[in-house]
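What follows is a set of structures for review.
Two complexes are shown next, each including chain A; its partner changes from chain B in the first to chain C in the second.
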Partner chain A sequence: MSTLRPLTHRQTVAALAMVAALLTALSMAVGETRLDVFAAAADFVHGRDSLASLILVELRLPRALLGAATGFGLGLAGAAMQGLLRNPLAEPGVMGISGAAALGAVVMFYAGLTGVFAFALPLGGMAGAAAASVILFALAGRGLGTMALVLAGVAINSLAGALTSLALNLSPNPYAALEIVFWLMGSLADRSLADIALALVPAAPGWWLLLTAGRALDALSLGEDVAQSLGFNLRWLRIRLILGTALAVGSAVAVTGMIGFVGLVAPHLARPLAGREPGRVLPAAGFVGAILTLGADILLRLLPTQPELNLGVVTALVGAPFLFLLLRRLRGEA
Partner chain B sequence: MKDRRTRKSAAGAACGLAGLLLSVFCYAPGARAARFVSINMCADELLLRLADPADIASLSYLSRDARNSTIATQAAAFPVNRGRAEEVMALAPDLVFASAFSAPATLSMLRRLGVPLAVLDVPTTFEAIVAQVRGVASRIGRPEAAEREVHLMNGRLAGLRRELPLSPATALVLQANNIAVGAGTLIDSVLAEAGLVNLAAQAGIVGYGRMPLEAILIRPPDILIVETDNEGAPALATQAPRHPALAALARRGAMRTVDMPSRLWTCAGPGTVEAVAYLRRALQGKTP
Partner chain C sequence: MIVTGHLRLSLKGVPVLRGIDLSLPRGQLVGLIGCNGAGKSTLLRVLAGLVPADEGTVLVDGQPVGTIDPKERARLIAYLPQTGPAHWNLSVEALVRLGRLPHFANPRRDGDAVARALDATATAHLRGRDVDTLSGGERMRVLLARALAVEAPVLLADEPIAALDPRQQLLVLGLLRRMAEAGGLIVAVLHDLSLASRFCDRLVLLNRGAILADGPCGAVLTDANIAAAYGVSAVRVDHAGERFILPWRPV
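So, the complex of A and B:
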C-alpha cells in the first residue's frame, strides 16, 4: 500500500481529460428521445442502418464533440490571456474577443457567403477574434491596468454587439433579427457533423499554438525583463497568442455562438488543481473548460424547459456570480 | 388561377344578407365607382377575385412581392399602401379590408375615425373559405362572383380527390426553426385534401409546435415538406429544416423531401386549391 501522494501534474491533467471524456460520453446518452445508446452504437459499428444510430451519429455525437472542443478552446484561451496579460479577469468573453468573432461570423453567414464557401463562417469568426485581440494586446502593451483593460473589453463587446444587431436587422430574411439570441447566448442544439469540421479544422492548430506557449508564459510571469533575458521574444509570443486565440475561439463561436464565462472560470478552477504556473494551468484549464461546457449542456437538457435553455444562458448564470466574487477578491488585494 | 373579370354591368345586385348582419355599411353599386381598400395581402387576393377592378382603390404593398404573394402580377396594376391609418384615410375609402392579424393600433385608429372596416378572420378549412368568400362578396355587392369562385374551387377539389391513392402517406410540414404544423390549421386541411396524414397532428400538436429533430428521426414521415421562400437570404431559422441528419434520412430512402413555396398556402382563399394541386403533382413524382 502506497501512501496517498498528491497527483503529479501529468496525472492531474490526465484525470481531468478522463472526466471530460466521460462527460462527452454521458452527453451522448442525453436527448429528446429515449434511445438505447449501446444498441445504437452497436448498430453503427456493425454498419446497420438504424434510426437510432442515425440519431446517435448525426445529432448527439456532433453536439457532444462540439461541447468538448468549444469548452477546451475557451478554457485554453482564457488561461493563455490571463497569463499573457497577467490579469485574472482576462478571457475571450469579457474582453470582447468572442463578441467580435460572432460579428465576423454573422457578417459572413447573413451575407450569404457561407452558402458559397462553407469555411467562410469560421474565417469570419477568426477575423473578428483576431481584430479584437490585436486591439486588446496593443492596449495592454501600452501598460494599461487591470480595470482599464476590462473596460476596453466592455467597449469592444458593446460595439461588436451593436454591429451584430445591425447586420441581423439588415437581412431581408424576417427570421434573422430574432437570431441575435443565438449569437449572444450560444447553443449546441441541432449542430451537425458538418459543423464539427468547420469548428475543429481551424481550432486544432489554435490549441497547439496556445498549449506550446506555456514555457514562454512561465518566464513572463517572472516579469518582462526576465522573460527577455531568458531568450523569449515577447512580440512573437503576443502574435502567437493572438493567432491561437483567433483560431480556437473564432472558429468555435462561428458555429456555437457566444458561450460566456467558460474562459474566465476554467483557469481559476484549474489553478488549485494544477499549480499556479501558466504553463501548468494551460492544459488543465482546457479540460476544465470542456468539463464545464459539457456539464452545462447536459444540465440544460435535463431541465424541463421547452424549448431548452441556450447554453450561453446557463454558463452566464454560473459565471456571472463567479466574476463578482473575483472582483471582490481583487478589491481586497488592492 | 387567373379568372376572367367582367366590367361593372348589372348594378342591381342587392346587398347580401351576410353583409347586412356583418356591418352597418353595405355597398350598393351605383353610378360612382366604389373605393375599396385592402391593407392585408390575403384580403387583396379576395378583392382581386371578387371585386370590379374599377372599385379597388388600393391594395397592400405585400401583394406585389412575388416571393410571398401569388397575385404579384395582377396587383401591379393597382396603387398600393403600407397599411398605415393615415394613408388609408387619405384614400377616402368606402370600405377597408383588414385581417384579424393586422396591427391592432391601426385597426383601433380606423375604428375611432369612423372608417367602415371589414376585419377578415383566417379560415382553416375549405368550408370556412367558402363562407368567407361569400361574406366578402356580399359586402361588395357581388354575390354572383362568389358563386363563380366557389364553383370553380369545389370543382377543382373534387377533381383532385378523384386521383387520390387508396392508402394515404404520412407527411410532416416543417417550417423555420423546426416548427411543425399541427391540427386546426389551413395547412392541415391542405394535407388532408392532398391525401396525406398529418404526422404532427397525430403527435398531438394543435396549431404550431416545435418538433425536435430526434423525434422526427425516430419516427420519420413518408413525406417531409419544407417551405422554400426565404432561402434567398440565409437565416439559421430557415436552415433548420435542412439539417444534414434529415438529408441522411432521405438518402436512406426512409423519407422523401418535398419543397413547398409557402406563398401557395399563406392565404386561405380560392387560390389555396393550388397548394393541394402542387402537393398532388409532387407526390406523383412530377415536377410541381
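So, the complex of A and C:
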C-alpha cells in the first residue's frame, strides 16, 4: 500500500495548471447555444464551415483563452504586488495601472472612436496603462521607496476614477454612458481572436518579468536591507514589477474591462497549496487566478439571468465576502 | 578584509559618521560598542554596502564596496540587522534557506549549508516550525542562522545577542569567536561590556559618530573612555584570570 505524500511544489503547480486547462476546455462547452463540442471541433479541423464550428472558434475559444490569460495575469500580478509590498491586502490595482487602463478605454468610448476602428478600445486601455507606468517609472527610477510608490498608485487611481466619472458625467448621450458602465463591469463575452492576440502579445513578456522575480521577492520577506545584502537591487526590482504588471494586467483590462478581486484573492488561495515563499506563490497564484476567472465566467453563463451578469460583478460578489474572512483572520494575528 | 578611509555620512542633515578610519583584517572578532545613537548601526550598514557614505571609502579586499557586483558582494559579506521583519510566516528551514540566495542554486550544497547553520545556532530542532510561533530569542537565533547560511567570510551582525538568555548569549559569542579563529571577520554591535571584553579580540568604541578608542579590550575600556562614551562609572572584577566590567552608576 502506498502512503500519501504531500505534493512537491512543482507537482502542485502542474496540478493547478491542469485544472486551469480543464476549465478552459469546459468553458468552451458552456454557452447560450447547445453545442456538440467534439463535432464542432471535427468540423473545424476538416475545414467544414458549420455554424457549430464558427461558434466554437469565433466565440467560445476566444472567450476561454481570454479568461485563462486574464486570470493568470491578475493572479500573478497580485502575488507579485503582495510580495513587493509585503502586504496581504495588496493587489494589481494598488499601483493604479488598471484604473488608468480603464480610463484610457473610457476616453475612447467618450470620443466615439470605438465605432470608428475596432482596436480603439484596447489601444486606449494600453495607452492608459502605459501613462500610469511612465509616472510610476519616473518615481521608482528616482529612487522613491516602496511605500511612496503605493501612495503614488493611490493618487493615480483616484485621479483615473474621478476622470472616468467626469467622462460619464459629460457623456453626450445616455447610451454611451450605459456602454461605458457595462464595459467597466468587465466581461469576456464577444471578444475576437484579434482582440486576444492584442492582449496576449504584451501580456506574455509581462508574465515573464513577474515570474522571474521570485528569488528577489523571497529575499524581501526579510525586509529591504536584508534583500539588498543578499545581492538584489531593489530599484530594479520595483521597475521590473511595475513594467510586468503594466503589461500583464494593463493589456488584459484593456480588452476585458475591470475584473476585481481575482488579483487579491488568488495569492491567498495559492499559499496553503504551494507554500508561503513569495517565489512559490507566483506561478501557483497565476493558475489559481485563471481557475477563478474561468470558473466565474462559466458560473455566470449557467445562471438563468437575462441579460448575462458581467464577470466583474460575479468576481466581486464572490471576492468581497472572502475579504471579510481574511480581515477576521488578520485581526487574530495582529 | 575591510578598510575604511575617512567615512562621513549625514542622514537628513544630521551628521552620523564623522571621519571613520578602520582597518578590519580577517581572523578578528571586533566588538562595535558605544551608546545609543553613536552611529554603530549606520557604520555597519555602510560597511555592508547598503548605504553609500557621503565622503570617504570602504574597500573590501582592496575594491570599493559600491563597485563590487551585488551578488558577489552578497557572497562576501553577510549582514544581520538588529530588528529584521520576517514576513509570510515562513518555516524556519525556508527562512534559513534564504541565506543561500546569493549562490547559484545547488540543492545538495544549499541543504548542507542550511543544516550547518541550524546546528551552529542550536536551532535544528526548530526547522519545521513556523517563524511566527517562535519566542524572541529563538527567532533571533534563526535569523542569525540565516546570516550564517550565506557562509560569507565576513559577518556584520547588529546586536546579535540582544534578545538571548545568558546561556545563549555565551553560546552565540563562542560561535562568533570560533568563526573568527577559523579566519572570518566578524563585526558585532554589542552593549554588554563584560561579554564584549571577554570574547572580542578588539573593540571599537564609537562616540557621536567618531572613533573614541580602537584596540585591545583593556586599552579601550578605561574609566575615562567609559565615562566619556556612556556617561557611567564602572567597576572591574577579576575572576579566574579574566576581568569583567560592570557599569555601576551614571556620572
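Quick notes on this one:
Throughout what follows, the second predicted complex is superposed on the first by the 267 of 334 C-alpha atoms of A that agree within 3 Å, B and C clash if a C-alpha of one lies under 4 Å from a C-alpha of the other, contacts with A are read in each partner's own complex, and residues count from 1 in each chain.
What we mean here is this: a contact is a pair of C-beta atoms (placed from the backbone, for glycine too) under 8 Å apart; a residue touches a chain by one contact, two chains touch by 3 or more.
Predicted model, so just to flag it, every value in this text is computed and none were measured.
In the overlay built on the shared chain, the residue A:226 is in contact with chain C alone; chain B does not reach it.
Of the two partner chains placed by superposition, only chain B is touched by A:32; chain C is not.
In the superposed model, A:173 lies in contact with chain B only, and not with chain C. Touched residues of chain A, counted separately for chain B and chain C, are more numerous for B. Contact with chain C, but none with chain B, is seen for A:86 once the two complexes are overlaid on the shared chain.
Shared interface residues of chain A (contacting chain B in one complex, chain C in the other): none. By the touch rule above, chain A contacts chain C in their complex via residues 86, 215, 218-223, 225-226, 228-233, 271, 275-278, 333. Interface of chain A with chain B (complex): residues 31-33, 35, 49, 51-52, 54-55, 58-59, 109-110, 112, 114-115, 171-176, 178-179, 182, 190, 192-194, 306-307. For chain C in complex with chain A, the residues that touch the partner chain are 45, 48-50, 70-75, 77-79, 81, 84-91, 94-95, 98-99, 101-102, 132, 143, 146, 150.
Remark: chain B residues 176-178, 210, 212-215, 217-218, 220, 230, 232-238, 240, 243-245, 248-249, 252, 254 touch chain A in the complex.
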